[in-house]
Every structure is written in C-alpha cells, then in structure tokens.
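What follows is a pair of complexes built around chain A, which joins chain B in one and chain C in the other.
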Partner chain A sequence: MGIIEVKKLSKTFKVKIKEKGLKGSIKSIIKPKYKTISAVNDVNFEIEKGEIIAFIGPNGAGKSTTIKMLTGILYPDAGSIKVLDIDPIKDRKKLAYQIGTVFGQKEQLWTHLTPYDNFKFFGAIYDIPESRVEKKIDELRELFELDEFINTPVRNLSLGQRIRCEIVASLIHEPKVLFLDEPTIGLDPVVKENIRSLIKRMNKEYKTTIFLTSHDVGDIEKLCKRVIIINNGMVVLDDTMDNLKYHYLNKKIVEVKTKEKVNLDDTDGITVLKDKGYNLKLEVDITKKSVTDAIKLLNPDNIIDINISNIPLEDIISSIYKEGI
Partner chain B sequence: MKKYLFIFKSEVMSDMQYVFNTFVGFIGYFILLFILFNLYSYLYTDSSEIINGYTMNQMIWYVIVTEILWTVLSGKRLCRKISNDVKSGNIAYNMNKPYSYIGYALFGYLGEIFIKAITYVVLAAIMGFIFLGSFPNLSIMSILAVLLTGVLATVISIMFIITIGLLSFYIEDSGPIYWVYSKLILVLGTIFPIEYFPIGVQKVLSYSPIYVVSYGPAKLFVDFSFDTFKNIFIYQLIYLLIAYLLASFIYKKGVKKLNVNGG
Partner chain C sequence: MLMAVRNQFKVSLLSIKYAIMRELLNKVTFVTNIVFMILNNASFIIQWVVLFSIKDDFGGFGLKDVLILWGLSAMAYGFSRFFFKKAFSLSETINTGKLDSFLVQPKNVLLSAITTDVEPSALGDILYGYIILFIYGMNLKNFILLTIYGMTGGLVLTSISVILNSLSFWFSKTDVIADTGNSLMINFSTYPDGIFKGVVKLMLYTIVPVGIVVYIPIQVIIEFNIIKLSITILFTIFIVCLAFLVFNKGLKKYSSTNLMVARI
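Now for the complex of A and B:
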C-alpha cells in the first residue's frame, strides 16, 4: 500500500467573468456570470514510503491545487485521497500532525522572532514535549548548519538561510511526508545546491517521503528518482527519471563550428535548430540517422570544433508540456 | 490550550519590536479624551450635577474605559487582516496546521494588543487622575471584576470582528459591514452610556452586543455593584458562546468555498 494514494481526483473552480468596461462592471453586479475551470481532472497516482517524487507541470497545470487537496486545504469535487491512510478532508487535523509543508513563496515563520523561538513555537503547536523539542532542535541545527544564525530574527536572514529554517520548522514534529512547493525559488545556484543536499540528507536520515514541486530542473534531476508531470489538470507522465531520460536519449544535439559556410536543410532525422553561417546546431534523431551521417553531411574536413550532447532535461520537460506524450 | 498560549506569547514577543509605536499611538487617544473632557466640562455646570445617573467624574471615567476598549482593539486592522487572509487564500496556510484558525486569530490578536492594552490602562489611569484628581471608589475585588469583564469584552469583540472578516468567504468585501458595526459601537456604546438614550432604545441596547463589549466594563468601573457584575458577566458568557458558534459556522461553511490564488 502506498503512503499517498490518489484515485480519480478532480477539482473545478468557479470563476467570475466580467465583460469589458463600465457597462460590463454594472452587468456583473446585476447579473454575475461565472465559468467553471477544471483545475484537476481524473488524477491517479500512488507514492511509496521514502520516495522523493517530483510533481511538476507548467503554471496553472494543477500542481498546487493537488498539493492543497493532499494536505486538506482544498476540498476535491470527486475522487479519493489517502495520505498515510488518512483522508485529508475528514481528518485534516489528524493528518497535520503527520505531514510537513514548505511553500517557497509563502513564509510560515514569524519574521520578528528568531529561528530558535520559531522552532519552539512549532514544537508547541504540534504538542511536542519541551525536552523533545530541544533535542530535535539540536539535531536539526547540526544537520542544517544553523548555528551561525539560530538566534538572529528571521527578518534579518538571507533567503537561503530562511528557507533552511522553513524546512527545519516543518521537520520539528518529525513528519512522515514532507510537501515542498518550490523550495528553491529565488535562490542562487550555490544555495540551491546546498538546500538540495540537505533535502537528500534528510530523506536518507529520516526516511521522509518527499513530494516536491519545482520549476527548477536541477531540483528534479538531482533529487528525484520519479517524476509525475501534470498538464491541464491531467497526469501526462508518471515514470522514473531514468526512463524519462532514456526515451529522449535517442535524440542528440550536434553543435559544430566550420571553416566554410555550410548550407544544410532539414532532412529526415536531422533538424537544423540554429544556422549562423559558421556555427550550426543540429538535432539528430538516431533512430533514423546516425551522428556520423550528420558529420559526413557537414564534411569532416570542414569542421573546426564539435560538441555532441544529449537533449537537456529542461527541453525534454518543455516538449512534454507543449505536446503531451 | 498550551499551543494557543504559545501563539499569544509569540505574538507578544513579536510585538515588542514596536513598543515605541504604542506610545506614539497614545497621543491620539490623549487628544480624543482631552476633547471629550472639555465637552463634558461644558455639559456639566458643576461637578456634583448628575445627568442621566452620572456625575461628571463618572462620565469621564466611563469614556476613559470605553475609549481604551475601542482604541486598543483597532478592530479595522483585524477585520482587514482576516478579510485579506480569506481573499488572498493565505488562510489556507493556517489550515494544514493542527490548530483552529479562529483560536489562532483570537490568541494571536490578543497577543498583538497585549502590550498596548497594559500601556493604555496605565497611562489612561494616570491621565484620568491628573484630570479629575481621584479614582472611582473600588475595592480590589471590584477592580478584578472590572478587569475580567474588560478582558471578556475584548475577547467577544475580537470574535465578532473575526466573524465579520470571515464573511469575505461569501461577499467581495466585508469592510463596509465592519464599518457599520464599529460606528454603532462607537456612537451607542462608547461616547455615551446607554442611560443617555430614550427608554425604548435603552431596552434594545441592553440586549445588544454593545452592553457586553463596551458599556458593561465601563459601567462597573464607575458604579460597581455585584448584581450589575453578575448580570454583565452572564450576558458576556452568552455572547461569547454566540460569537464563537457564529464564527465557527461561517468558517466551516466558508473553507469549503475556498479558492486559493495560484492553485
């Protein structure tokens, strides 16, 4: 049995529509019109204990709506959810003791208090005995390297330090499942890397199941073994990261610098992505043409420099967003 | 209950960053009281005259108490905060925590106004003594009774304001409703005691929230009797229950309609 089970989950929103101009404003008061938007439509998935899964999709795809239904914030219109065998709608409070949430775009900490006071606060609201809270704070301050700023008011912390504290605050009550909604948003690459390694360490140490949404491919690639892609409210892909890459590895990107200009048109299996005279970027579908074929077309003697690479994961994901699978 | 006391304590600690603002805010209170002091000095030909059962000193102490309750509460700020929480969907981030949102809002706000309340009570007592030269004749027990009804009046007021703020689940803006509510409290319960109104209105007011959130503690302060205290206290408990049930009902129905921005 999975730690999270979602079956036929659907959610619609009623949104007020207003015609343009003053006339439209008056009309909307007298006779308001609404349209129904399907935010999540027949979503199914199951997540096992200890997994780190990426739940991704373009803006407005339905990821946050799904997270909010999983945590009991929003009520689904149809379908069923079980998180740790608890129905979030019927037992929201009971579930709250078992899960942690970090919303990268929303502060949960009290900004005028220090991280230490905040952790004590979170310990109290989760009914954890004082001695256990102290022990937990000591443990987490070491794991997340908080010593330097644990007694500095949160409002004076850098974004990276604050996110670290946000994650620690969500771990004080030892949740079995942690929902991370864009935890690295706005962070610089070094801090991002630091947060990722801390998340990994936490998952290893406490076996916490992590449900991650992010637009950052680095987060997904470095943390997750499984990815669920949602678009227009529907799951369009649910697969391992290895499979996702493997399916798309049959395409190679060949970038060349030539001595003389080459006039190359798209052929079956070779697509010209960029042509700047002496610099070319090609996409080779190796199920149809080999990379050698592409090099031959360019004339090997004419090549000064060459770079052959796989399609970046970011492009793979973008193409799934655009076309579906 | 421990977690709500922690919410209260955290808010008090947080508010300590702005202690200076409290003192600055008291200037506004002082000016208002000064105007009312002059108004009543004009109404009363001499300090022994009794109008509608109140001497001038009693009237001024009455207004000092009701104005403390009114100013310390700053209800507009709370109502806007709750309303914005609902409209922006921020309320959602409190929902996945193991506490009740109403309890969180109530104790959080009590913590927010705690330092202000103590400061205003002390400064207003000094100010009243300077203006009038004496305090009302109260025993320790009656002072405790006044404090108790004052705290209950604040709690009930906060509960009513939370309820009005939560109406944002159903209507675009609950601000105008709060405006009407607050002006009724101000005109009918803060500037003048209930006894100043015609008999018919007095009867209505003595069953209204004004009796418990404004008039009650002030009346006890200027003219204490155990019977009045008992009466006000019982009414306060009834109103507290009504306000809590109302807020819970609106909240429970409202969250089902919640529409969170950005997902």
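Now for the complex of A and C:
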C-alpha cells in the first residue's frame, strides 16, 4: 500500500466572467455569469514510502490545487485521498501531525522572531515537549548549518537562509511526508544546490517521503527518481526519471567543426539545426539513423572537433507540456 | 480532549505573546497608542458631562451610568481588538489565501487565524474601562463583573465579526458588511438604552445584540441579578459556537490563492 493514494481526484472552481469596462461591471452585478474551470480532473497516482517524486506541470496545470487537497487545505469535489492512510478532509488535524509543508511563495515563519523562537513556536503547535524540541533544534541546526543566523530575526535573513529555516520549521515534528511547493523559487544557483543537497540528506537520514513541485528542471533532475507530469488538470505522464530519459532522449545533438565546408541537407533522421559553414549543429533521431551514420555523412577525416549531447531535459518536459503526450 | 483544549490555548497565548513582542519592537509607539486611546475615550465623556449640565436624565441614565456604559463598551471593544484583532479583517485573510498556513497545522484554524496580531491601542480601551470603574465606584464585585462583561462583550463582538467576515467564503467584498455590523454594535453601545423605543429596541436585543452584552450588564452592575448574568453568558456561548459553526461551514468553500504572501 502506498504512503499517498489518490483515486479519481477532481476539483472545479467557479469563476465569475466580467465583460470589459464599467458597463460590463454593472452587467455582472445585475446578471452575473460564471464559468466552471476544471483545475484537477480524474487524477490517480500512488507514492511509496521514502520516494522523492517530482509533481510538475506548466502554470495553471493543477499542481498547487492537488498539493492543497493532499494537505487538507482544499476540499475535493470528487475522488478519494489517503495520506498515511488518513483522509485529509475527515482528519485534517491528525494528518497535520504527520506531514510537513513548505510553500516557497508563502512564509510560515514570524518575521520579527529569530529562527530559534520560531522553531520553539512550531514545537508548541505540534505539542512537542520542550526538551524534545531543544534536542530536535540542535540536530537540525547542525544538519542545515544554521549556527550563523539561528538567533537573527527572520526579516534580516537572506532568501536562501529563510528557505532553509522554513524547511527546518516543517521538520520539527519529524513528519513522515514532506510537501515542498517550489522550495527553490527565487534562489541563486549556489543556494539552490545547497537546498537540494539538504533535501537529499533529509530523505536519506530520516527516510522522509518528499512530494516536490518545481519549475526548476535542476530540482527534478538532481532530486527525483520519479516524475508525475500534470497538464490541464490531468496526469499526462507518471514514470521514472530513467524511463523518461530513455524514451524521450531518442534524439542526439551533434555539433561539429570541420576543416572544409560541408553541404548537408535535412535527410530522414537528420535535421540541420545550424549551418555556419565550418560549424554544424545537427539533430539525429537515433530511431532512424545512428550517430555513426551521421558522422559518416560528414566524413570523419574532415572533422576537427565533435560534441555529442542529449536534448536538455527542460526541452523534453516542454515538449511534453505542449504535446500533452 | 482536555489535553487538546489545553494545548490549543497554549498555542493561542503563545501567538498573542509573539504578536505583543512584535509591537514592543517600537516601545514609544506602543505606549503612545495606549495613552492616546485613553485620552480619545475621555474626550467623549466630556461631551456627556456638558449634556448632563443641561439635563439630569437621558433615557433613565445619570452621568455615572453613562460613565460605566462607556467603560464597559470600551472594555469589550478593547478585549476583542487586542486579543482577536485579525477577526476584524478575516475576510482579507480568506480572500488572500492566508488560511493555508493555518490549515496545515494541527490546531483550530479560526483561533490560529485571529490570534496572530494584537492592536496596542485596544489595551488603552481595556485600561480605560478600569479607570472608569475607579470613578464609578471600585469594589471587588464591580471589578469582577466588569471583567466578566468585558470578556463576554469582547467575545460577542469578535463572534459577530467572524460570522460576517466568513461570508467571504461565499461572496466577494463582504468586508463592507462586516465593518457595518461592527460599527452598528459600537455605535449603539455608547448610548443609554432608554432613549431607544419600539423596533429599534427590539433590534438591540436580537440582530444587533447590544442590549444583551451592554445594557443588561449595566443593569447587573447597578443591581446584581444572577438570571440576567446567566442570560449574557449563555448568549455569549451561543454566538461563539455559531461563529465556529459558520466559519467551519465556510472553510469547505475555501478556494485559497497563489498570491505571494508573507506572515507579518
């Protein structure tokens, strides 16, 4: 049995439609019109204990709505949710003791308090005895390297330090499942890397199941072994990261620098992406032509330098968003 | 169950403590807010002193009765605004999706949401109530009664605000309705009930329950009556329960938002 089980989950929102201008505003008061938006539509998935899964999709795909239903913030219209065998709607409080949440766009910490005071407050929220909270803070301050700023008011912290504190606050009660909604939003590459390695360590040391939503391909590639892609409220892909790469990385990018000019046109399986005389960039569909065939076409003796790479994961994900598979 | 209630109170008190700590970051503003609120309330009494110099009686109330009426109203207002400030802007909390952070915590959402801020000037209202009691006639009985009625009045004001602000779960822009409801309560609570007759009087003991939380308590402070005391306490329990009921019902309609917000 999975630690998170979602069956036929659906959620719609009723949105008021207003025609433009003052006339439209008056009309909408007298005779309001509404449209129903299906934010989540018949979503099914199951997550096992200790997994780090990426739950991704374009803006407005239904990621946040799903995560909010899983954590008991929103009521679903249809379907069932079980997180640690608890129904978030019927037992919101019971579930809250078992899960942690970090919303990158929403602060949970009191900004005028120090991280230490905030952690103590969170300890009280989860009814943890003082001595245990102290012990936990000591453990987490070491793991998340908070010594330098644990006694500085949150409002004076950098964004990276604040996110680290937000994650620690969500771990005070030792949750079994952690929901991270865009935890690296707005962070610089160094801090992002730091947060990622901390998430990895946390998953390894505490066996915490991590449900991650992010627009950052780096987060997904470096942290997750499984990816669920949602678009227009529906799951369009639920697969391992390896499978995603294996099935969708059937195209290679070949960049070559040649001694003499090469005249190459698009052929079946080879697309010329860039031709600058002595520099060529080709896309080789390896289901139709091998990379060796492409090199033979270019004449290996004519090649000074060559670079063969995969299509970036970001492009693969973008094409899945666009095509909807 | 008892443990859960105890823990809930512990967290709510801690939340209020932290909110006070935030206000104390600027001590001068904190103190001046309190002092100026006391002076502001006192200025209204001066108007009544002038009125009583013209006429001895207003709706059966003498100057001392008006004093205690103002003292009690200020206390109720102060109690609600100091401890439950956010109840008066609950619709904004609902509309901007700020309930999210309370919904993921294992505590009562309403209590958590309304105890995250304090209004320092409201402490001036509470102190003003006790200052008035000194002028009116301080004794243990009056002190206890004023304290109880300040709390019941504050709870009723908070509950009415929660009920009206909770309409935001169903309709937009309900903050205006909530503000009007609160203003009605405050405005009526500073006049002697004897000046109101007929439908208005009926209204003051029903939909705008100033009568139950201010006029009856004044009668009890003047002449103690256990039945009248019980009426106010029972009504307070009723309206507090109703506020929780309406809020929890509305919570099922909560739609959250993806606005970027900070806890300030």
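Brief remarks on what is shown
The rule we apply is simple: the second predicted complex is superposed on the first by the 300 of 325 C-alpha atoms of A that agree within 3 Å, B and C clash if a C-alpha of one lies under 4 Å from a C-alpha of the other, contacts with A are read in each partner's own complex, and residues count from 1 in each chain.
Please note the rule applied: a contact is a pair of C-beta atoms (placed from the backbone, for glycine too) under 8 Å apart; a residue touches a chain by one contact, two chains touch by 3 or more.
In this text, all values refer to a predicted model and were calculated from it rather than measured experimentally.
With the two structures aligned on chain A, chain B clashes with chain C.
Once the two complexes are laid over each other on the shared chain, residue contacts for A:109 go to chain C alone; chain B is not touched. Of the two partner chains placed by superposition, A:76 touches none, neither chain B nor chain C. Look at A:126: by the touch rule set out above, it reaches both chain B and chain C. Once chain A of one complex is fitted onto chain A of the other, the partner contacts of A:68 extend to both chain B and chain C. Residues 13, 64, 68, 71-75, 92-93, 96-97, 99, 101, 103, 105-106, 108, 110-113, 117, 121, 124-127 of chain A lie at the contact with chain B in one complex and at the contact with chain C in the other. The residues of chain A lying in touch with chain B in their complex are 13-14, 39, 62-65, 67-68, 71-75, 92-93, 95-97, 99, 101, 103, 105-106, 108, 110-113, 117, 120-121, 124-127.
Per the touch definition, chain C reaches chain A in the complex via residues 7, 10-11, 14-15, 18, 21-22, 25, 97, 99-101, 103-107, 252, 254-256, 258-264. Chain A makes touch with chain C in their complex at residues 13, 64, 68, 71-75, 92-94, 96-97, 99, 101, 103, 105-113, 117, 121, 124-127. Only residues 2-3, 6-7, 10, 13-15, 17, 90, 92-93, 95-99, 255-256, 258-260, 262-263 of chain B touch chain A when the two sit together in their complex.
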